[in-house]
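For reference, the structures are reproduced in the following blocks.
Across the two complexes that follow, chain A remains constant while its partner is chain B and subsequently chain C.
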Partner chain A sequence: MSDEHAYHIDGAVPETPENDPDSGAWRKTVVVGTRQPKIDAYERVSGTAVYPHDVSLPDMLHGAILRCPHAHARILSIDTTEAEKMPGVEAVITSKSPGADIPWYERGGQFYGKLFDDHCRHEGEEVAAVAAETPLQAVDAIRAIKVEYEVLPFVVDDDKALLPDAPAVQEGGNMMGEPSVRERGDLAAGFAAADVIVESTYSTSCQIHAPLEPHGSVAKWDGNKLTVWDTTQGVFGVQQTMAKVFGLPISSVRVIGHYMGGGFGAKLETGKYTVMAAIMSRMAARPVKLFLPREDCFTVTGNRPGNTMTVKIGAKSDGTLTAIDYHSHGSAGAYRYGAGTSAQAAYLYTCPNMRTEDVSVYTHTGKARPMRAPGFPQCSWSLEQTMDELAAKLGMDPVEFRLQNLLTELQRGDGMPFTSNQLAACLTEGAKAFGWEEAKKAEKQQGHLRRGVGAAASFWAYPGGPPSTVVVKLFADGSANLNMGASDIGTGTKTWAAMIVAEELGVPVEKILVEHADTATTQYATASGGSKTVPSDSPAVRAAAMDVKQQLLGFAAEQLETTPGDLKLENLEIVSRTDPEKNLALGEVERLNRRGLLMGTGYRDPNPEDKVTFPFAAQFCEVEVNTRTGEIRILRFLGAHDSGRVLNRLTFDNQVFGGMAMGIGLGVTEERVLDRSQTGKMVNANFHDYKIPTILDVADTHVCHPIDQPDNEFNNTGTKGLGEPATIPTAAAIGNAVADALGTHAVNAPLTPEKILEVLRTQEMEA
Partner chain B sequence: MLPKFSHVRPDSLRKALSFLDENEARIHGGGTDLIGCLRDRIFTTETVVSLSAINELRGIEPTADGGLRLGATATIAEIAENPTVVAGYGALADAAGVVASPQLRNQGTIAGNLCQKPRCWYYRGDFNCLRKGGEICYAYEGENQQHCIFGGDTCFIVHPSDTAPALAAHGAVCRVSSPSASRSVAVEALHVPPSVDPRRETVLEDDEIITEILIPKPPAGLRASYRKVRDRASWDFALAGVALALVFDGDTVASARVFLSGAAPVPWRAVGVEKAIIGTELDNATIDAAALATVDGAEPLAKNGYKIELFKGLMTEQLEAIRS
Partner chain C sequence: MAKKKQHTPKPGSGVTRRGFLGSVGAGAAAVATGVTSRSEAVPEITDPEEMVQTALKINGRLHRLLVEPRWTLLFVLRERLGITGTKAACERGECGSCTVLIDDRPRYACLTLALEAEGSEITTIEGLLEGEELGEVQQAFVEHDAFQCGYCTPGQIVAAEGLLRTNPAPTENEILHGMSGNLCRCGAYQHIVNAVTHAGENRKDGGGS
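For the complex of A and B:
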């Protein structure tokens, strides 16, 4: 569906057994679905939460990495003599150091680089690393390392990378594998049957994850046992990579990632810095903390590739789609990682004839990493604006036009039905809640300000599923522990997990302590990415709580001389359904008192066979464009989301608002700027010049409109993912709103004043 | 990482000036630009001289002749919300209100805002550019979408200050002291264009400090405003900005001072606009002519041609707004 390697998981993924018995769906909930503040909100706000960046250990050293300042160079020599003699310096490593000659950037069994590569393929490639008593000493020491480079010709523009004389990034040419193609029906016949055809080329710019907490780790050895505190979205992948790199039993590596200050996909893979910290920690026999400076978090820790997309769509005059031809081109940097975008072009709309092609090329730029719905917002930017162009040509309302052509099954092979599909509801209910009809009719022009509204539809193709194992312990005093391996990447994972336990057992949320994201003490979970933490792990949480409940009711049934089926658990009290006189408070259950606690285990059952599960969304926005200055003001935004059941309305809303803010960045403000013609270096690797939206750039009014229809066929909590769906249609909705205001689509994101003025000027010249 | 330096916090101007003789001493007003410059290795220092304990450099108060005195360390936020500024000096109030972000406005000082270093990404980045002692201006052939359309010569920065064009429009004057003397420098003469010296931003000598800024009494009929266009709505420098200080006699523009930001390496006086509007009632034809005059003589680079349309549009918008 999406690039199957987009969410590469380091290491093996254990299979988990199925639950017994099947848990059935919730009929009515009292905790789930409410607005529950995060259970760790106090820690996060007060500063007592210990993020990996806060970890400070006795005798800890501080690391720093020397990086290549050129877009493309070969290291001729490295002289670390002076650095090694500097005060406080305890370890200096380069490619020549024992244990540091490690292959890196693996894809499909092949390695494309090394931990320290003498052939530097982009600005920021690692050259050497130092650990010293203080951060200042470490920085002084890396500056004292003398490196002789042969500076080589570079190519950083993805449209120039395939030219015959372009400098090669990897051996075998700059084409990153063969173009990836999807086809259905007969494209030529489809266009021949069309009454109206639109063809347009759109582009997006390279976007950077820019998490607030920089990337980094603390590594500590204890004999042959390694402990790593890592700012990661998944501790188990890091554990397996570190075990492999250092030749350790997996059990000897402990990775802890309790808090994480933002990842957005950039913290799914194990960082070179983690390995370097561990190598230097072993050399110095002291803990080493190695966090990257902000600049490095722009150049070397991933990005969302910029793409150029040409979309051609044909339709009958009644609005029925006949053909979609989609071509996407982009660069995922100097190492293998796809820049594909096409999934929605292939499947969002019912269309008998379709062809999509994704071309990924190598350039001398930092490697991309998955970024919040990899490829999808870019596709949305082009596909959804082209759909609006077509609707305009057909004289149809954009929402009506979409509704007429929505997917009803996944058009692959003979077709696959969905476990649930509320996309039509997203569009119709969303339009109603937004006031679409009224807004379309309202006066557009007010002096030199023009107002417009836009909508975009979307799906997300990564459903989640097994494995997940969760343990719940209920104590006789009516409190509970919840043990799960998933990382809470700021999205409220711990909170909804506690809510589910509260729902099943009646234990108040504040009496539930969640242990998570520690490979030594919690159960295996896949990394928190792909919007799959809720749909993968919440069913296991519920199953574990239900396991506890079954055991508890069994004990009570013995004591009350009835059957477990006759009993129900309400507010920590066990009551007979047939004879209310038969009841026990939790503290009165004798076998629970003797044991002190009851432990239950839950697993994630397999996804249904022969069906697929997608989250769906439609977003709507209203903008005001200043036709004198090209400024855009986003007036309001509404997101209608089908992500199955809402577990926590508060964090659900916040996911949607955050996704919109990130999409506003892609559509309006954010852009990696490279010094294309002179050095190939990034010129805006800082928060001043790389413009993440501020609170004044997001809409005055954000509305989250969940469809909230449980997908009970998919899993026992009825949930689907939300984190990525929340940002997929945002930029496209802005693009369509701007086009509604101006009458022309501004095709190149971000829509800075420059781009808007260009549209206005072209209009003026044509008029 | 910051270099090692000693930090002194004298309690009088006289003592502060005495430290300026020391090696590469740097003045610490609010520190919002100093910290960034040190971290980005724009310059280094061994002595940082804080002005924060010097009472005589603080304050905003009326002068005997009906004007206003801004102490050098008055913060941007204090100026933006000062009732006298808001009532009498519209361009300055507008400008101070759109500087950077609320946090930076709370911390940054007015003299620091006038003396800040350029924001050109080559100058701030890992490039040995002309202004930093290198051979070339990387912006000339490079990524120059934010750079100047006037007065580039050898270095194509834009001056980053919002308050400088506003103060210049209001006819403000800086009082400057050195250990041996003091002098006055008009804000509009404070900054050095690259044609004179591409390696300095102001006419101040190393041992000089701005102690206060004096703004003359607002003339009767003054209407003044400042507006900047930027890529994002806060914490961003001007792509284009216009400071207007127009004195009206009835509906007629009797005199005008017009300065641009985001246009040139120094706050740029738009003399052509002033000529076009003085003596008029800012009718539509006049505004059209003024818009054209705004960009008369502009020399855009490969990627900043949009600034031509932008300045025309912004001038039109601002003249229409001040007319009504």
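For the complex of A and C:
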């Protein structure tokens, strides 16, 4: 289901065949589900891991990009004469350079901009690029380029973009297509049948991905073959884009992304910087490294749109929902990318009458990119706090109220059942582990400190699925290679993949080497994003290991003069089920010894038809609000997650805590600040003023409570995604906890001290 | 486990963003009044293009090289010497990814000029290895999964090492403040606290200083 724009994947997505036979579910596991430190941990903690930003090639040049300093401007002239003469400068490109005048930002076959566009629609649009002998020479050179701009009127406020006199961002006006509407039942009748109705407007601020490794690439040509080292979540999308831009066969483009320093969705798309590095590399006939300075990573490499959401919910006095009306408005910047949020409002709760509307507008701001559950945390912020307001009016416990109304099927069309749904368990088991009832009863006021607890429920609507192809090679000495195309963006992809091979074949995890994220040497995988890497690729890993096992048992059966079905593989030993005398150590299998290795291939089988799969979550938190300073201290957080089977408990916990940290940012600390009246520029494009949570800002204690029920109907590992679910309900849970402490919902995220003090001042005036 | 290096604790604690800015301010004041902590005088103003000879002691090895006075220690480590374990992420003293030890104290290499580090013992993430074997803080980060993408991790580990060299038995609050100058966008903070706590306990029980 979900918003069709939720996760953009560059290029065509190839189909993969189905496995034969189906592998069936695990009954018992010995490796899967344990706490396994990451298999590439040594590289990451020792400094030996080579990230794209660390790549240095012989004779390499360094690139830099000159960007438009205005929110809206037209370039009248560019003079690069002086820059070209500067020491060390080897290439300078602008829109006029051969090969650089190309369209960009494609959606559904239509283009919305150019690589270098003389019409600059937001601060930071690319104007020129330089490659020079050293990074400092490149920066000196872009400063020497003279640009004459006609500065144009701008609009950066979402709510002003549709006013009649607003400057147009794109031809055809500032409305990005028609509003997207979902409807069911009769809304008016639903509200007429309600005993209690609550209507509130909430907002979130624009959030920036801000991965610690800046965006960038290294490009190198060998004649007509191009190699790119890119900090990306998906090497195959970058490969296809580069092949298209340079008119190359796909096979001639190699993209390597072995390590990458965080993406959160900002590194799903191919960057303009990658193309510019390659253009300049070809011009200079030398490798070019082009990484963006931190400021650019705030203004041009994507964001989570801020949204304003009005939620109206009606219920019977017994707590049964009768109607939900949801309206969301936001801007995904100057280029086409939706700012919709409404999926959870439409489907999280069983309700016969519903309408949601998403309005996306253009503004003269940096283009959004998918950010960890696009739209979902914003919806959660408004929907889940409105649900708490309604529970309070009904005099019901917020957890009980949710349990009474939870979705039991996807209420779309005639209704679609889920392959698994443990949301009720997330709420009840989570509440129990958290000590919800005791915490609700505890004394709130302690001097100038007020405590409160809050909860929020959620789902994520992007389940993953085909294609995925994985190759496993078992060597005669009992070690294995695993070959998969997926990027490991820090979530431990390589590690759970090795654990699955270890589970199936008995090869110890430390004897498995994983090759990944290299278009020349690994199999196609979609980009790692949307919490779909585990559910898409883990079944293919298991299928590949099973393929190896079947071949191995076939060899052994010949040698032992029995049938493969009579044999089982245990701790790298093949034993007959009926006659324990018939057994072979791996090294004794003659055909394997002759071949040296056995290679198995696994594919991702299709998702079940007529059913849908969502991961679910409920999070609980306790906060302490300082009524003198307005500061919020988060005392503890608990995440109860239904992501199907847990593959690696250690990295599972880490993902949940990391999602909470990002949600704390959305709810409490992070805010893109624009100079709305004078220049339209971002004024806090740095880590000092744009406050991602530090170790002092997250909760004092984090608890992860997986429900750990395999979804065996969905795939052969029983897994669902986790990365996005971990951050969806976080901010909303904080909002509800703050409201529990203060007695009033502070509606505009982030809940900075000044906003809390404003709530307290309003309360005082009303008292 | 390999034998542990003997650490000489120095007074002071780990770097925090506020503490760091404070120390920069103090340094600036010291320069203004003509008082420096080192015996050499402040170098005369030179042409930015003019290369200056220097010698930097990094992970126990002396590197003699020519540098432009404007080059930061981070630039020299990564771009001139190819010691890339130290990461560049903001290059303006806000994130801590480039943290190195200068005479056992955590410092942001992006805000330290290479020339400033002359005469000091510079330790990077690579310098915490004992041969090919991980140091105890590195090992604790592995066991507690105290990272995700790993990009901020060298800085986190070096900051933790600096904290433990000056305060071998930090309280949780001291760990939080000692590590607060290092951002982690993946949000591995809970596991970082676990790892640093564990590394501190190990050092107290068995090893180090």
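Heads up, the rule we're going with is that the second predicted complex is superposed on the first by the 766 of 767 C-alpha atoms of A that agree within 3 Å, B and C clash if a C-alpha of one lies under 4 Å from a C-alpha of the other, contacts with A are read in each partner's own complex, and residues count from 1 in each chain.
The working rule: a residue touches a chain if its C-beta (ideal position, glycine included) is under 8 Å from a C-beta of that chain, and two chains touch if they have at least 3 such contacts.
In this text, all values refer to a predicted model and were calculated from it rather than measured experimentally.
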Touching A:Ile489 in the superposition: chain B (first), chain C (second), both, neither?
second
| said: With both complexes overlaid on chain A, does A:Thr81 touch chain B (first), chain C (second), both or neither? | reply: neither
- Which of chain B and chain C A:Asn686 touches, first, second, both or neither: both
Partner touching more residues of chain A, chain B vs chain C, is chain C
Task = Once the structures are superposed on A, label A:Gly630 by its partner contacts, choosing first (chain B), second (chain C), both or neither.
result = first
Would you check which partner chain A:Asn593 touches, where first means chain B only, second means chain C only, and both and neither mean what they say?
-> neither
TODO: Considering only the touch criterion stated at the top, classify A:Phe657 as touching first (chain B), second (chain C), both, or neither.
DONE: second
After the superposition on A, what does A:Gly262 contact: first (chain B), second (chain C), both or neither? second
Contact-wise, after the overlay, does A:Pro135 reach chain B, chain C, both or neither (first, second, both, neither)? both
Return first, second, both or neither, reflecting whether A:Leu757 touches chain B, chain C, both chains, or no partner chain.
first
The shared contact residues of chain A with chain B and chain C are 135-136, 293, 686, 688, 693-696
Within the complex, chain A is touched by chain B residues 1, 4, 101, 119, 121-122, 124-127, 138, 141-143, 145, 229, 231-237, 239-240, 306, 309-310, 313-314, 316-317
The residues of chain C that touch chain A in their complex are 17, 68, 70, 75, 78-79, 82, 84-92, 94-95, 97, 124-126, 129, 134, 138, 141-143, 145, 147-154, 157, 176-177, 179-180, 182-193
The residues of chain A that touch chain B in their complex are 69, 135-136, 139, 293, 448, 626-631, 633, 668-669, 673-679, 681, 683-686, 688-689, 691, 693-697, 752-754, 757-758, 760-761
Chain A residues touching chain C in their complex are 37-38, 41-51, 53-54, 56, 134-136, 209-214, 259-262, 264, 293-294, 489-492, 650-651, 653-655, 657-662, 686-688, 692-696, 698, 702
